[in-house]
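Encoded as structure tokens, here's the structure I'll be asking about.
Chain lettering (A, B, C and D) follows the sequence in which the chains are written, and residue indices restart at 1 in each chain.
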């Protein structure tokens, strides 16, 4: 099961060359991760604000395949590649009408925000993300 | 006629105090202006990409009334306060469930992006924005 | 006594029109406030990280006087206009080689980050900022 | 020859967890690339504004090794790993006082901003970057 969310390329994403400034793609991926977790029933803002648990990134590999411009509408696929003991491998694909724009592989770790230590992914969170896992 | 657009307060809008970092409010107002112009039939990306005309800001007055936090959903009202020869006065109100968050008054100017000079607002753009003008 | 700090206009400050995207000016003002407080002997990161006290903004009035472009070097003057019981009025002037770029008046409030309530500005902070106060 | 530039972790780089929001690291790397090119005698703003040539990214691999916090001062090493016909492989290492924070490998391509096509790296640019090349 792949989760997909659509995003508009805004003026504020773009640079003097008229294309998305590459760090701004990660603002879009950050939103896509939030949209995915909310769709899975585990909104990140509840995890962070209430439970004081977050998902800092430890690994990021990106291929920039083609440019995105102001006014484009893109789709972002989110795939759970692997659910580890305390880590989560999430892949992203940003697609435009005519082809792929960006592929990213990420690993995020579940941490207790009070101690900044990694903690096991709770069973209810694991169960919520499992249907989106590519390699179940 | 007031135009209203809803926005989620994202993780990337928030600062170490857990509230919206104030410059990020202007990313939201920038999106609200885009949403308004698209709703009025004059998407800003077409004005900029195709016609090479933009709307740089010359005046901004803001009252920050109460804090916004990660996970909040806010509504942004956009009111056209005045349509001048080459300028546009736009007011914004950001509202949360329990009350107002931010009030902003802005003046933007219509410019030719090739010359950076102010140019008269075209009749079709004026006509498109007029129904949203508070003081018609 | 006026505090001045110099800043480079970076690629990441600029928009598809090739000029500073206006919310990015407030990233520069945020840095200028940090530079001022550090120069006055009260680095903001110590106030926030150690003392858990911050300076959220409540009022902002800006005149955008002329455009800034990628590669420009600008100077930012910071003037303490008024030190109130719990608030601080700070004025900023961004200057380029050929003239003024932006004038901003701000009011920030001293708050306890644990309670989000305004608290009196401590005497040592007041004494540190006083030499920069325009209306002593 | 390694180029190194120092950066302050600003309030505006940090997220509600009090650490650098990961896309903001790429704002710092973008500044480090600008600082490197300026030190090599080829400021990017002249390449972009005057020559209309830029360096969009096509590949990015990052290991996030430890967290950076508001108030930290970090050093960024820039190493030219390879100068190709039209591409440049740049590696970055962000270091804190107690150890490494982030390692990134990037590939950027030299493009004509009028056509968005890759173009050969000019001889004077190649000669300017060569002393920083790890594998000469």
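What we mean here is this: a residue touches a chain if its C-beta (ideal position, glycine included) is under 8 Å from a C-beta of that chain, and two chains touch if they have at least 3 such contacts.
None of the values given here were measured: they were computed from a predicted structure.
At the interface between subunit C and subunit D, two copies of one sequence, more than half of the residue numbers in use are shared by both copies. Interface comparison, B-C versus A-B: the pair with the greater number of contacting C-beta pairs is B-C.
Inter-chain spacing, taken between the CA centroids of subunit B and subunit D, is 33 Å. If each chain is reduced to the centroid of its CA atoms, subunit A and subunit B end up 28 Å from each other. Centre-to-centre, using mean CA coordinates, subunit B is 24 Å away from subunit C.
In subunit D, 11-12, 16, 18, 23, 27, 30, 48, 70 are the positions where the chain touches two or more neighbouring chains simultaneously.
Across the complex, subunit C meets subunit A through its residues 11-12, 14-18, 21, 23, 70. Interface residues of subunit C facing subunit D in the complex, by the touch rule stated above, are 8, 10-12, 18, 27, 30-31, 34, 43-46, 48-49, 69-71.
By the touch criterion stated above, subunit B contacts subunit C in their complex at residues 16-17, 19, 22-24, 26-27, 30, 48, 54, 56-64, 67, 113, 116.
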